[in-house]
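So, here's a batch of structures to check.
You will see subunit A twice below: alongside subunit B first, and alongside subunit C after that.
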Partner chain A sequence: MSRVAKLRHDRRAGVVLAVAFVVAAALMPLFRPPLDGFTNDAILALAYVVMALGLNLVVGFAGLLDLGYVAFYAIGASVTGWWASDFYSSVNGEKGIHIGTSDFVSVLPGIHVNFLLLIVGAIILCAIAGALIGLPTLRLRGDYIAIVTLAFGEIIGRVFANGDELTVFGDNALSNGRQSISPIDQINLPVFGEFDSATDLRPYYWAVLALCLVVLFVNFRLRDSRLGRAWIALREDEVAAASMGVPLVKTKLLSYAAGGAFGGISGVFIGIFLTSVNANAFQFGFSIFILAMVILGGLGSIWGVVLGALALGFVNHWFIPDVLDGETVRGWLDSLGLEFTFSEVTFGVFGFILVLMMVLRPEGLLPERRHQLELAEAAGAPEEPVSVTYEARA
Partner chain B sequence: MSDGSGNGAADALLATEHVTKAFGGLVAVEDVSFYVKPRSIVSIIGPNGAGKTTFFNMLTGLYKPTVGRIVFAGADVTGTRPDIITSLGVARTFQNIRLISSMSATENVMVGQHARMKAGLFGSILRPPAVRREERAVREKARDMLHYVGLQQTQFDRLASNLSYGDQRRVEIARALASDPVLLLLDEPTAGMNPQESARLTQFMEQLRGERSLTILLIEHDMRVVMGVSERITVLDHGTKIAEGQPEDIRANDRVIEAYLGKREGGQAS
Partner chain C sequence: MEAASATVVPSRRRSEAVREFVSKYGLIAILLVLPVVYGAQDLSDDGNLTRLGNNLVEGLSNGAILALIALGYTLVYGIIELINFAHGEVFMLGSLAAAGLYGTFGLTPQTGTAGLIAGLACILVLAMLTSGTLNVMIERVAYRPLRNAPKLAPLITAVGMSFILQNVGILWIGASQKAVPDLIGSQEQLFEIVGLSISRGTVLAIAVTIPLVFLLTSFVARSRLGKAMRATAQDPEAARLMGINVDTTISLTFLLGGLMAGAAGLITALYQTSIWFFQGFSAGLYAFTAAVMGGIGNIRGAVLGGFIIGIVQGISDNRIGNDWTPAIVFIYLVIIMVFRPQGLIGEETREAG
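After this line comes the complex of A and B, so read on.
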């Protein structure tokens, strides 16, 4: 029993650690200038945390390998292109449609909708898209699910890349294709007013931190619920889960929908933060990028995924461009006569990190408590009796 | 239940009518009609590969019969989804124990109550008082069930994969009971048990019927258990029903002895 007691103790220590971590994260920008490269990287890393937590619901909890997660980023980002820019400038006799926007935006043509409503819109669209991608995979298992979802991600990416040729509602195109839709409206919140990323990044940082906390909360709640248990049962043994009364179709679709919704939330935020939406970003590589975060952190482990997303986020936006391609390393490479930049081979760097992980710590940075317990107990447990099945035929 | 499968099928809790299951050219179960009366303990026996587990899988909705009808509590459940059959009141255990290995014993039994719970996506996230109450009740009931099947309290929070073999069997039965079944299907419950443990399980089955008004259908190889506990026995061989009746009749049935025990002199396997 001491092991259980120890775990409980660890858990309390974990809560203290988590609170300290969040408080430190919230205070961080106060010690940095308003326009800071580090804050900028942190904002993107936190947006990836939201996405990785969403993918973790599907891959980590329900065990459905989704290689097309970029689709939800694409849909979320496109929502901002549609409803928070002057892209549809001809609507309403060029006067535009405005819902909950700031005075500055309210005179612009095009559709302009408040950030919070964009989030709601993205959640709904992505949940529907998630359920739709779920449908054809229901009869599939394992690697086959991965292939179908991969194709789905590609389809969505291609549709947006060629969206300038697709007209919906008159001659309004679906997207601007490989040209950006830009600019996207800044976030405008009740009480806090309109943000301005040109002069101060900190409100964006706090906004995405708040999003992260909400998504984290939802993740924890789902994990320790009827639905979370059903997902884990499904992941481990579909036949047993069904025989225990878990409806397979509904449970799987809920996981796709919930996971997709998180991707959409993050997509909205990233679209606004980068102030442009470009179909070039909707690549297969992005799905892998997010999946790598989940695997690096530990499949199914919420804190692990947070850590994995932060780590890869900073590797992508800081370590590779600023350190590996920084002057010191550049100097070494030049002296060796190597003429390449690491920014050209980012996926090589991620791949290397993953290989390193698989060798040194295959269970992830912070493995799921279940797996941890399993390993710890198996090491200390006495030998299990071997099952004996009787042979009946004489 | 118009097309009855013999005498006594009229008031049956579970009845199958001419059920056949073919996998491509292989006919695993062929034209099996049988019934189970409420609050009875009934066994299906037969040599390995006779189609017993396939038959079970059809009863619980994992397989859809190629031909035939399955009626449970007056409703046609042929080809109904397994989770719906569970919610109607059929629970089962598996021949090769299928617990969720990365969950604790308690959590496994909590999953067993899935069909009896209401919390949905938003309920799970927002956790209103009703969901909170439900969660607490489900946990409590899980622990009660584990007590009932005789699991030591110290084992409640251990991972299923780290429990001893006997305890895993107990947890699986507790998980099945947690779904409030009317009919309990046990697939070789005494596999891997020693004679004392088997005897205890036999007693436990009687106790289940007495205390919880359960109907029990079991697949079993251990003849001592089968003969001791069953009111009726159905014998399958090569997918077809070759005999059916009370233990004494089965014991004396020539075809059963030939098919099941081989052509040796009388006697019984154990």
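After this line comes the complex of A and C, so read on.
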């Protein structure tokens, strides 16, 4: 078989595999009860896929290490708190504002906006926030970018955690502080009607699966677009990319904005699905949780990131609480005299994954070929710091 | 390190000199905003500056702790250009070790002065050694295998290490804050100066920090090993050609940074009289801010930055509220990194270029 024919054959095999995987995933909940622990975990894992794919645009494609990704989760989730709950119960003379809501919701006080509009709102807000966070990092490189984004993530987390002291538009608080905003409206879609997570999780599962497929499609198209190629060029060599005519400012800001928008979409979904928004969740650890998914799967590799997000989603919501802290393992630990639960040290597990992957297999589980080559090149030919230093200073 | 930053600066164009002037004094002006605003408020409310003065004194003891931690960041960054993200956790584990050793040495608030001083001196040495050894081990496991990898790789392992060590802290003392015996009566007033009460904790923090910084500075400036460190910082390849064992020198740098963090750990346990697995995270980031503020890679800069951030923290804790302090410090961090990445007395680095 010629090389081209083999590539085409491989690609067709890949497509068949992907379609089979999606069909199997779509049929899965039919074989489970409507309210099922496994479906619940799968919904959250798929929501993390959306988020990890967003972070992958920034870290994997453009090579800008963003340690403050939790900011977009915070904004996305807060959008549901602001516009899909009775948090602002005093608006419009306590009658509330309702846009595209179900009959049940349309009599409640507060602002209530349809799910699809919430997504649009979160995309706009997060894209703006992403560009604003990206703006100060334009002059910086490498680990300084990481620290500035980390600082922004922490600042935004703090603002929401202390948001009950801040007022916006009159005397309305920005957030409910350390208390959660709850309940959040259920998803209400034009044809499918209103979902109810208390009786049937399947609609949520299919909704997030559809969201994932859309985001995956957008990711593939972005990667192969002019912009995606510009991001990858930026990652490989910023100076070379700039001299080839890649506009650095625009390209970088678009990467932050696009990455942020996906984080916001996922934040909206998670906020609605958990029916509460709590600022205590907006912590640095969450950024690392998502970053670990990207690293585990393989920086820049879309299928790798999907795998990494699903894997860590299930590790977080099923493997650690149900298996490691389940009765069997508990029994072994008790017989050894060890008194701790794995749930306490969840983030230690993610930290361990980061170190292990970076030291043993930095290209990830399903590596992207181009990134693998870059790593091999870097390991083979150490750069010469001497010349770089003096050129930079001259 | 000093020598590395003392390269001859080529004559700059006028516009650059203006920019330099604006960014340096602009930064100083921004730093003065908090004390000046609250000083003016105090003068109009009480007619004197006692409240602000007390905030500043508290800031000095915070600052002594931050300065010691910041030294670890600055030493390591100076030599391998890595933000040792796990450094805050090295400090935290030093603190936990120190508090754990109270019982081993039989120290209680009732112990006599002589016994207390002898016991605390032993604990200081042991806490320093614990943190120092830990830092060397981290370098060996998480950073050395990645010396030739792309620059972001060691930073990612550093973040991973930091989470692992935090969880070691959780396994050790549990997830909640834990009170430790107040051995020295840290809040008791030792003496009063111009109407400001100086507590025992403050005196202890300063009295431990100043000699340690002095020892560290003279070690780096005078000893053979210090000279090897400065050479490696300047140019690892050339240092290797001159017969310096670069790997050992880097390990030594991590050891020194860890020793300082361990000392800060004991001071924190004595001064705050509580320990927590999460104390290293915020303290680490504040100390990193301090190191950048002083000019990363610069020892004197780290100490200066430590005291400045300590004072910012002292004012913010008392006037704006504990909950907002991280946000305030991180805003400073962003401002410094964006507008003056070389810090107050540092040189431009490759990163900031």
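Assume the second predicted complex is superposed on the first by the 354 of 394 C-alpha atoms of A that agree within 3 Å, B and C clash if a C-alpha of one lies under 4 Å from a C-alpha of the other, contacts with A are read in each partner's own complex, and residues count from 1 in each chain.
Rule of thumb we're sticking to: contacts are C-beta pairs under 8 Å (C-beta built on N, C-alpha and C of every residue); 3 or more make two chains touch, one makes a residue touch a chain.
Nothing here was measured: the structure is a model prediction, and the numbers come from that model.
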item: First (subunit B), second (subunit C), both or neither touched by A:Arg221; value: first
item: Which of subunit B and subunit C A:Phe160 touches, first, second, both or neither; value: neither
item: Touched partner set for A:Ile295, first subunit B, second subunit C, both or neither; value: second
item: Partner chain in contact with A:Phe342 - subunit B first, subunit C second, else both or neither; value: neither
item: Partner chain in contact with A:Tyr144 - subunit B first, subunit C second, else both or neither; value: second
item: First, second, both or neither for A:Phe152, with subunit B first and subunit C second; value: second
item: Touched partner set for A:Gly351, first subunit B, second subunit C, both or neither; value: second
item: Those residues of subunit A which subunit B touches in one complex and subunit C touches in the other; value: 374, 378, 384-386, 388-389, 392-394
item: Residues on subunit C engaged by subunit A in the complex (per definition of touch); value: 7, 10, 82-83, 141-142, 145-146, 148-157, 159-164, 166-168, 170-171, 175, 235-238, 281, 285, 288, 321, 323-324, 326-327, 330-331, 333-334, 337-338, 341, 348, 350-353
item: Subunit C partner contacts - residues on subunit A that touch it in the complex; value: 63, 65, 67, 136-137, 139-144, 146-148, 150-152, 154-155, 158-159, 161-162, 284-285, 288, 291-292, 295, 340, 344-345, 347-348, 350-355, 358-359, 362, 374-375, 378-379, 382, 384-386, 388-389, 392-394
item: Of subunit A, residues touching subunit B in the complex; value: 1, 4, 218, 221-222, 225-230, 232-233, 236-237, 239-248, 254, 258, 368, 370-371, 373-374, 377-378, 381, 384-394
item: Residue numbers on subunit B that touch subunit A, as the complex places them; value: 47-48, 60-62, 81-84, 86-87, 91-92, 94, 96, 98-103, 107, 110-117, 119-121, 123-127, 131, 135, 138, 154, 157-159, 161-162, 164-166, 175, 179, 188, 191-192, 221-222, 260-262, 264, 269
